[in-house]
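The letters A, B, C, D and E name the chains in turn, as written, and every chain counts its residues from 1.
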Amino acid sequence: VNNTPAPAPTATVGASTKDATLASLLPASIKSAGVIQVGVDATYAPNEYKDPSGNAIGWDIDLFNAVAAKLGVKANYNIAGFDTIIPNITGGKYDAGVSSFTDTAEREKQVDFVNYYSAGILWASAAGKTVDPSNACGLKVAVESGTTEQQDEVPAKSAACVKAGKKPIQILKYDGQDLATNAVVLGQADAMSADSPITEYAIAKSGGKLQAAGTTTDVAPYGIAVAKGSTLGTAVQKALQALVDDGSYKAILTKWGVADGGLTTITINAAANG
Amino acid sequence: MAHAERPDRAAGSPPPPGGTAPAEVIKAVRLRHPVRNLIAVVLAVYFVAFLWDASTRKAFQWDIYIKYLFDQRISAAALVTIELTVLSMAIAAVLALLLTVMRLSSNPVFRSIAWFYVWIFRGTPVYVQLVFWGVLSLIYPTLQLGLPFLPPVISFATGQALSFFALAVLGLALNEAAYLAEIVRAGILSVDRGQEEAAIALGMSWGQSMWRIVIPQSMRVIIPPTGNEFISMLKTTSLVTAVPFSLDLYARSRDISAETFTPIPLLLDASTWYLFMTSVLMVGQYFLEKRFARGISSARPEKAAAAPDTREEAIG
Amino acid sequence: MAHAERPDRAAGSPPPPGGTAPAEVIKAVRLRHPVRNLIAVVLAVYFVAFLWDASTRKAFQWDIYIKYLFDQRISAAALVTIELTVLSMAIAAVLALLLTVMRLSSNPVFRSIAWFYVWIFRGTPVYVQLVFWGVLSLIYPTLQLGLPFLPPVISFATGQALSFFALAVLGLALNEAAYLAEIVRAGILSVDRGQEEAAIALGMSWGQSMWRIVIPQSMRVIIPPTGNEFISMLKTTSLVTAVPFSLDLYARSRDISAETFTPIPLLLDASTWYLFMTSVLMVGQYFLEKRFARGISSARPEKAAAAPDTREEAIG
Amino acid sequence: MTGEVPMVEAVQVSKSFGSNQVLKSISLTVARGEVLCLVGPSGSGKSTFLRCINHLETVDAGRLRVDGTLIGYREKGDRLHELKPRDAARQRRDIGMVFQRFNLFPHMTALENIIEAPIRVNRANKAAAIVRARELLARVGLADKADAYPAHLSGGQQQRVAIARALAMDPKLMLFDEPTSALDPELVGEVLDVMKQLAQSGMTMIVVTHEMGFAREVADSLAFMDGGVVVESGDPRTVLADPQHERTRAFLSKVL
Amino acid sequence: MTGEVPMVEAVQVSKSFGSNQVLKSISLTVARGEVLCLVGPSGSGKSTFLRCINHLETVDAGRLRVDGTLIGYREKGDRLHELKPRDAARQRRDIGMVFQRFNLFPHMTALENIIEAPIRVNRANKAAAIVRARELLARVGLADKADAYPAHLSGGQQQRVAIARALAMDPKLMLFDEPTSALDPELVGEVLDVMKQLAQSGMTMIVVTHEMGFAREVADSLAFMDGGVVVESGDPRTVLADPQHERTRAFLSKVL
């Protein structure tokens, strides 16, 4: 029940048709199965989250559905914990990870990334509570386990606090972004740190319960994760580039209100290759 | 001289109801427990105050609680939780029986393997086990049945064959089997050895004496903890998010709160459903226990039965 | 005619050791169990093959397993897990005693409140409860002690006063108390009522008979399940991530694997530590049980004791 | 003279469990130094009567006095007040009780069983209590079993320790509830011997028993109970030899 | 003539539990239709000997035959083979056993207790088994208790049902292990009466008992065991009246 194929992309947005030359780039196993197994942590609205019946939706999903259609296969979304996705790709259970992965050099040691978006990090706090991300020493900051915010960004800020002789940031780790966001809404945490599209979406949806804290920083590319050296990477890259070129990429981002971070050139492993 | 004064009844005939010339019935002043009663009143007031406060406290968002209590997604998730519970308990019961037979066997290989199984599964957290089952297909991409060191007879890809639902059920069942095995074993050992001997002495086989005599009696000891395990399993399903499987009651209530930003009332909704389901199970267990105690509870030689002997009899 | 043939010993004197003119000792051909032995061999081979396969399987990344097994972060986290376990069990034990006294009381207020407590805490998953304790300070920003409906006597801000560690301990302890209370109650009810009566008949007070006579004997029934609860608590601490508290064994091993992208060996590391700690506890429990069984296990009137009566005696 | 107040005086004592009236207006007296044997079929209320005397049960109607003191209640003017637990415990100290199933404390040695109540209840000096306990053990013929746990004693030995335990509180009255009926026949004699000695030493005793030989030899009187009433009572030799009532006769014909 | 093979023949039977030798070269025979009473102090090995006859225990040395068949082993040439469980069960069918603590199946009514083995073991027709069970219940005086659960029967009634249950398998030999020692004295008689009847009907019986009256009246012979040996045996009246051995005399003086 958990592995339901995503609904076909709507006719108006992201409609794409099979491109035989791109399809030929697919690894044989995917070609014969006709399905790409995708790992996704569906707690990261609007990038990827769940519809009322529990299926993965979001602009990442829409975008990858379009990629799959270009490649002439279906995408099967496996809802997973964020920190289990990359190991499942290296282990061969998933073909791809579509879950707003920030492309980092560290992660590139494990998988290849097809970069498809440029996102920053944005903090949010409860409405009426001013938080300065560059001086958050001693505050409680909610993050999702396994994200760059948990592993790199907030720890770095906390280390700076300690260096300056101030109290460290108390990092609250949650199993999903939804829990982290709700911790701020409830007041359990003083602020949250997440990718800019997520924070912006949460602020918009929270009905005035959240406000942005500071501005977007640490802009970095998102990447679709595939096994190292897999030809799937090239296939996805080419398919995405085709979507950019024919305008359907833009259409999908615009529909979800996240066109700001759209790219014009699709690359692989931007973190290492610059 | 000790003697019965006024033997005012003809011996041999039962006394008339109520007794003739009844002695004055004692209407004594009852003993009071002033301190205890004061504490009880204070506790009761606190308890009511707590409930009153909770019912008006904003943080609980009772309006949202009520709105989602019967939300179709929540009730569907409750059904999934029940499915998980029933399936994994059923599989666990079969495994547990097998393990018990192995543990009671006189063959050391059977006993060791069963012991090892129980040791591993009781020694690690079920949450961690569930995470393991989630990555099973990474460790064993294909499962092969056949003789060891020879080409496999059957082989299938675990990733395709086992959905997360199946893995959740499997993980819960394998863990539970270790606990149920202990319960079944204790139940069988609790039956008076004389019962099996009497059966054997009548010429019954070991199997017959087990099935007809020992196991029916062990049920009285097995049923209560198994009922507890069933109830406990219903709650343990809240951990299947570790697999990750996310259509159970807790996960779905979390999904809704992710949209609505109201985790507290949705936690209350989930808790209410859990409480309701476990309460139904507890009531069921009560009646089941009563049924299986039939004819057994006071089965002991007359002498012992005449005087109420253990507290349980005196109280329950 | 029935008669003893060859009464070849002088009656009244014990027979010489070994007996004179011993009958030929029976050296019979032992019964074989070919099918059972075959199954046992196959199982043993499978078991060894499984271990062999696991030891060489790449997915387990044994090199990484070994690297992190004694990583300082992991052992420090194991210590935190032990702290969580010990603290919450200690608090739970105190609460459980209180609950037991309330449940055995003849006052209906005490009994109802204790029943309600046990019902709520046994009826909902501990994972969900832990999530609740995590948001406690949001629901009750200040806790106020005092008489209801009057200004509070003491009041403190929960957010400041209670760290996530404290909340984790509290959450685990409150849940566990409900289970321990049942165990203590069952233990006390298991002591033969005659024991309390004998004490009372000697002029001892209820408290004296409880402390000196009933409770020491109930320990034999209380210790085994309490040991199990202790072991189970050690494993339940893996759920404190729900609070969120993230310095325990499982959370730390997960942190490491998030950095190294090697969840399987780190799960194995955590499991190994859990298994080690629970095994130590199991051994401890074994000796504790032995100690508390002192002088009690076979305490029954001579007649019953003469014949091995229950299977437990016959086997254990 | 103390002899004028009987040791036990029951006047129309009744007791019900729910709707089941177990004692139906029992009246009898036991004088100081006397031994009363109580016999009767199972369920006739013998144990319940003993338990009432020791206030393990509370009587519903009638009056029960031990050595002149009302059991279970306090008279204050013309009203009765229930006893506080502490006062009830005080009454019980003077009454020793021996149970069918011994009820020795299994987690204590024979000696510990005996000194427990003197030390805890009477706050006796421990050394003195031990000396006294050893005397009592010697008196019941178990001087060498002081450090044995009950599980390692035979039934007869256990019952003798139980008697010593009751005697350690220096009771005025001893109650025995079928003290030998859980024993192997070989072991009955040793317990009866101890009881006989005790009777000869002048202890007031009420003994529920099926041992008619003991009753005949030791008891000063015998009461036959059935269905919660004392059907017949009197000199044991007379009652046993020539029972007046049909029920007594029927019962004795089975037991003798 | 079948009379030539004794029903039970024990030749130097020995049995140890670990280092504890419980039976030390016991030899005795019981002829067809005879009643043997086995008496002796606790721990002397009486129960163990009965259990060996029914192969609930296996003998270590010596030979034990029932109706000419070796118990526990199969003779094949000059070697002994352990019996398969199925063959052991077949041997037990012909031997009825009655236990001290009755061991009725508490989850079955009296009738169900009796028909269980005939139906399961002998694959008897159920209707026929019920008819036969009712006959047996009538024979032990319990025609009206067919549908009662053991818990609702007195000890004496339970023991009589247990006898009926054993008789339902039409045994050649009945073993009784202290069948009345867990009973209230009032109830002993009714069980002994049933056993007496059974003896008179010609059943071969071995009875472990402390009821010397029964032994004197019913038994054809009496064996006194102590410390795993048969100290003395012979006509019950002779042995009881004039025991030859010191140990027998000491024991009898306590029991009689």
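In the analysis below, contacts are C-beta pairs under 8 Å (C-beta built on N, C-alpha and C of every residue); 3 or more make two chains touch, one makes a residue touch a chain.
These numbers come from a predicted model, not from an experiment.
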Overlap of the subunit C and subunit D neighbour lists contains B, E
Out of A-C and B-D, which chain pair has the most contact pairs?
B-D
I'd like to verify one number: the distance from the centre of subunit C to the centre of subunit E, where each centre is the average of its C-alpha atoms, in whole angstrom.
45
Between subunit A and subunit D, what's the gap in Å when you average each chain's C-alpha atoms?
84
Centre to centre, by mean C-alpha position, how many angstrom separate subunit B and subunit C?
16
Spell out, as numbers or ranges, the residues of subunit A touching 2 or more other chains.
84, 87, 91, 175, 179, 186
Which parts of subunit B, given as residue numbers and ranges, touch two or more other chains?
135, 138-139, 192, 194, 263-264, 302-303, 309
Touching at least 2 other chains, the residues of subunit D are 42, 101, 181-182, 184
Pairwise chain contacts under the document criterion:
A-B, A-C, B-C, B-D, B-E, C-D, C-E, D-E
Touching residues of subunit B toward subunit C in the complex: what are they?
33, 36-37, 40-41, 43-49, 57, 59-60, 105, 107, 109-110, 113, 116, 119-120, 122-128, 131-132, 135, 138-140, 148-149, 188-194, 196, 231, 235-236, 238-239, 250, 263-264, 267, 270-271, 274-275, 278-279, 282, 308-312, 314-315
Of all residues in subunit D, which touch subunit B in the complex?
11-14, 21, 24-31, 34, 36, 42-43, 47, 59-63, 73, 79-84, 100-101, 181-182, 220-221, 223, 227-234, 244-248
Partner subunit A, residues of subunit C touching it in the complex:
59, 134-135, 137-138, 164, 241, 244, 246, 251, 254-255, 257-259, 261-264
Which residues, counting only subunit E, touch subunit B once they are in their complex?
54, 56, 85-86, 89-90, 92-93, 95-97, 99, 101-108, 116-117, 120-121, 149-151, 153-156, 158, 162, 165-166, 169, 182-184, 187
Under the touch definition given earlier, write down the residues of subunit C that touch subunit E in their complex.
1-9, 11-12, 14-15, 19, 21-31, 302-303, 306-307, 309
